[in-house]
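One chain, subunit A, links the two complexes that follow: it is found with subunit B in the first and with subunit C in the second.
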Partner chain A sequence: MHSVWQRLKSDHYGMGGLLVVALFALATLTVWTGLFGQGWAEVSGNSWESTSAAHWFGTNLLGQDIFQRTLFGAATAFEVGLVVTGFSTLLGAILGGLSGWYSKGWVDEIILWIKGVLDSIPFYLFAAAVAFALQGRPWAMHLAMIVTFWTTTARIVRGEVIRIRQQEFIEAARAIGLSQLTILFRHVLPNTVHILLVQATIVFVAAIKTEVILSFLGLGIQDGVSWGLMLAESSQEVLAGHFGNFIAASAALFLLLMGFNLLADALQDATDTRGAMT
Partner chain B sequence: MLSGCGEPPSTQSEKPVKVYRHAMDGAPGSLDPAQAASVYANFMVVNLYDTLYRYKYLARPYRLHPNLAADMPTISMDGLQLTIPIKKGVHFIDDPAFENGIGREVRAQDFVYSIKRHFDPKTRAQGAWLWQNRIEGLDEWKSRGSNYDNEISGLRALDDHTIQITLTRPFPQLLHTLTQGYSSVVPQEAIDLYGQQLSSHPVGSGPYQMVSRDPVRAVLARNPAFRAEPFDLQTEGFDKPTQGGLGLEILQGRVPPFTDRLELEFITEDAARWNAFSAGEVHFIKVPVSQFDSVLSGRDPLALSPQFENIYQFRASQDAGFIYTNFNMADESIGYHPDQRQNDRNRLLRCAMVKAFDWEKRNEIFFYGIGRVFPGVLPPSVPEYDANGDSGYILRDLEGARKLLQEGEWNEDNLPVLEYGFPNSVTERQIFEQFRNFMMDIGYPPEKIRPLIFATYGDYQRAYSQGKVTLINSSWTMDYPDAENNMQLYFGPNAAPGSNSSNYDNPEYNRLYRSASSLHESPERTRIYRQMNQLLINDCASITGISRTLLFLWDKQALMVPDRSFLGGYYLRFVEILDSTTVVP
Partner chain C sequence: MSAPVLEIANLSIWLDTTTGRRQVVDNISFSIEAGDTTGLVGESGCGKTMTALAILGLLPASNTHMRCSFIKVKGRDMLGLDGQQRRQVLGHDIAMVFQQPGTALDPVFTIGQQISSVYRRHIGGSRESANRATLKSLEQTGFDHPEEIVRTYPHQLSGGMKQLAMIAMASICHPAVLIADEPTTALDNTTQALIIKQLQRLRTAHGTAILLISHDLAVIRSLCREVLVMYCGRLLEKTDCTRLFSTPRHPYSAGLISCIPIISPQRPGSINTIPGQVPVSTDLPTGCHFSPRCDRTVDRCQQSVPQFETDGDHQVACFRPLP
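Here is the complex of A and B:
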């Protein structure tokens, strides 16, 4: 792990990405701890005020502060990203692990069939359909993403588990009489952490993007604010010459996604041992 | 910009094809008249089918005019029996549904059949409420199994060209219901052949017939067999002082429909609709509120910006209806409660919320400050409107609101959690957030006013019709120009799933409604309606209301007086597209 961090540190783009992500994470923490962003719903000014000391990014149609809403949008993005990444990675790891461990058996067949069915449906269409079907329920959007995101993680983990289970230390674990599931969960899956870490950052980015898209379509968050909602609002405003919502939400989204992508690339390079072996 | 005539002739000798292109902010669902529930469906249906009556094109206030009917009805002394003659020689369009594919003559029996369809469960009709318990024997016909062979005593064809309707009690609004798309005349042969497919394959006798339709566009062509009835300015209620500058005089004596083809573009996005209009792709637009600022140079009086004056005609129109937020009175947390003390406290809470509501702000933000705010359910568009009504009901009074909360012993901890329903859209969400802010100003905790979002307006309507929503934000578009249509919204027996979504049930209000139901517009009825309006205000059953001001812009090459309310789609037959050589008086 130490060498991974060393390699990551030497990647300037990766560190830049980490810095951006850290800044957004910090902003999120200020919202979660109640320091900032609590006035996202309050009408604190007039319609479409321009930038000022009172309203750093101006105000929207209702007179709500766009900066506060952008901050709260970051918290929404992180909340969705964390929940979806956590659950889908866990699900992907368990099902991928079982699938790989029991490769070519009936457990593997069933998991592969479910995965195949889910993967055959266009991703955004499926997420939107699940979110639409469950609309009104607070966790509809999260569930829609978890259901669609675990498959990729599972596929990668399955391949890695198939590789690991042929190694000698697994033979040794079998020889001393450990149960199948103990070997899988104690000795195999922990060895896929580097894959899960990279995959988690990719899922995190996808979750944020999907949250923004679903919220833009009105299928996302129920009570709160999201960059997607701000962009949806802006679609009615730009024609009248008001760009506050559009610039704030799209710039925040761009920065965070760029930061995560740089970090994900750097992590992938840092955890890839092939370069070290050559 | 658009050329004067839509498309060039194929040869030198042919007349150019006149095309009118119209932008609509929504798409119609079914075009079966029995299911023409939306304003968009109704807009098209009255052009594809015939109704017995319509409104005069230019007369304001609106006045009835025979359409398929040959004349106004003969009414018996007791007001219960109406005899309506229909025009002879009117034919349905040619269609495979008819023998040899030739449209046959429209008969009185077709009207009887069309109304019966509303009371046949197989039709899944949505217009039965217009005539329910009004026409003798009609409801019994339904309860006996909707057998079309059985006659109905109150709905008869005396001969091929005479209809007789017998009412169970006087119903002054009956003729208005016969202008609705719901009452359109449908041939049985078309139902027999197309069944449910009639929704996309209209077979009527209206001025236009369907050429094509998809989710974003419909094309209608002139019905070549439509009856030749020359246009007469005086008959249509032409008013020179207000309509003299529109060039309508050149239409005198000519036979509508004046255009060969209608192209109706369904563009739901405001920005896209405005772009289509600005680019000259459509002749007409109902201006989106987001564009009011650029379109208008002044609000009082409303004036068009100089940049648009030379290219567009402009008209402002008061919406026929109003926007309101109902309290669900069947919900014990805020409405009626069996315990008298709690019942009184709930009333105080509702009245406090009414006082906390800022109509001025709502008008400014969402209606460009040009909507008309009024107390109750009698908007400025009806003669019963009282300019000296209870204006305190629509004035924000935070201090008064807080006092009422105190009087009702309401505080942050014991205020009920309220669910505010709305269909999924950016504007609806903004309206909700503004409402919540108004209530936050009197100390209502924001987490206690929760959004209840529905995927479509239909889902939302179903939910509040089943009493599942506590705060119901909605709008009411009057079906006909008679205040009775508004008063019935709070009549107890009309409670959900009926039109009374607030479930308001005041015995005195109900008694007054019944006593006025057989009255025509008169000082006596006005007095009763105003009394009912005040009861509603005293009970704080609804936060109401505002009537929108709609702005219409249209290309100067299109001669017309557009209308979004009662006249609706009827005006399309009178639209004329000028070519560049025409001199407008």
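Here is the complex of A and C:
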């Protein structure tokens, strides 16, 4: 892990990405701790005010402050990203690990089958179905993403576990009397951490993007502000010549996704030790 | 003479491959007493490692089949144990040192974590007592600064140090039996000497019985009291180490010994070889497997399998042994 950080540090694009992500994370923290962004729902001005000292990004139709709403949108994006990434990575690691460890056995067959079924359903249709089935529940969107996003992680972990399984230290672990599951969770899965880390950044990006799209479609965030909701509002406003919501939400989304992608790329390079270490 | 701590009777192993089932170990039996070292010599692929894995019960169940009368460790038959009972024996009463020290340690844990986890698994007790035992084991294995070694990761150590750490790990519970599968093959000569010294120490200090698997006769000679010569899954000769090197009776053993390169200024570049090649196990010759390469072959060798002559310490499976 130490050498991964060293390699990451020498990657300027990656560090730039990390900086952007860190800034957004900081903004999120200020919202969560109650410092900023609390006035996202307040009507604090007139309709469609332009930028001013009081309203940095102007106001929307209802006279709500767009800057505060953008900030709160960042917190929403992070919350969805963290929850979805956390649970889907955990699920992917455990199911992928079991699937690889018992590959070609019945456990593997069942997991592969579930994976195949989930992967064959068009995602937005699935998300819409889940949102409809769990109407009004704020975590319906999270659930839809977790249930579909773990499959990619599981596929990658499965392949890696099959590779690791053949290494001598696994045989050595058997020779000191460890049980199958102990070996899987204590010696095999910890060796996939670098892959999980990279995959987690990719899932994070996908989760944020998907949250915005689902919210735009009205299937996402119900009680709060999301960049997706801001974009949905702006689809009317842009026609009337008011670009505040549109620019703020898309610029914020673009910056965060760009930063995350740069970071994910750099992480991938930094953890790719094939050939470097023997 | 003390009681044997490892006894194997009539072990046979078959391996399923894409080309069908083939026998890789054919009816071998031997035993080792406490504090004794037995060498198992043979060319690559002759079934040495399969034998070791079978003793530990680690043969992959999916593509191997085993038949055996018994495998007794300290008088207890491993074949009669269920999974959990067997796992309590592994690492505690019988331990293994592997061929590739580079890959036999988990890369994401420190040496200390890995060694102490064996202690905690089998002996139990507090974290501190496990750490103390780890430091002691490393120190006895010849590390000058064990408190630094416990904090290092495998990739920070050289191959020799990794192998010494493996020995410290294998010996932390003072096992009655240690199986060392080509422990020095991947290492240079000076490191080999260190490893051999440590194995000797285990034998004298804790009375550990060692099964040393190797194709390196020099290593065998420096460590073993008894030697088993294996060829294509069968034992060909079983005898005292000194006697094997002075008067080998099986033509294969004699051939192996004559193949040891001698460092001699008088005869540079002279290396003996045994004519022919090891037959593939799908296509073994009938009778004695060594007969096609042997210069003493008679018709009988190709027709029936020579059995061990049972009397005496020097056992050989050959119809026309050397005098």
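What we mean here is this: the second predicted complex is superposed on the first by the 275 of 278 C-alpha atoms of A that agree within 3 Å, B and C clash if a C-alpha of one lies under 4 Å from a C-alpha of the other, contacts with A are read in each partner's own complex, and residues count from 1 in each chain.
Assume a contact is a pair of C-beta atoms (placed from the backbone, for glycine too) under 8 Å apart; a residue touches a chain by one contact, two chains touch by 3 or more.
Not measured: the values here are computed from a predicted model.
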{"item": "Partner chain(s) touched by A:N191 [first = subunit B, second = subunit C, both, neither]", "value": "second"}
{"item": "If touched residues of subunit A are counted for subunit B and for subunit C, the larger one", "value": "B"}
{"item": "Touching partner for A:F132 - first (subunit B), second (subunit C), both, neither", "value": "first"}
{"item": "First (subunit B), second (subunit C), both or neither touched by A:S235", "value": "first"}
{"item": "Which of subunit B and subunit C A:Q222 touches, first, second, both or neither", "value": "first"}
{"item": "Which of subunit B and subunit C A:E109 touches, first, second, both or neither", "value": "neither"}
{"item": "Partner chain in contact with A:I176 - subunit B first, subunit C second, else both or neither", "value": "second"}
{"item": "Interface residues of subunit A shared between complexes with subunit B and subunit C", "value": "none"}
{"item": "Touching residues (chain side subunit B, partner subunit A) in the complex", "value": "269-271, 274, 290-291, 293-294, 364-365, 424-427, 429-430, 433-434, 436-437, 440, 446, 450-455"}
{"item": "Of all residues in subunit A, those that touch subunit B in their complex", "value": "41-43, 47, 61-62, 64, 132, 135-136, 218-219, 222-223, 229, 232-233, 235-240"}
{"item": "Contact set on subunit C toward subunit A in their complex", "value": "56, 58, 83-84, 86-92, 95-96, 98-100, 102-109, 118, 121-122, 155, 166, 169"}
{"item": "For the subunit A and subunit C complex, residues of the former touching the latter", "value": "167-169, 171-179, 187, 190-191, 193, 277-278"}
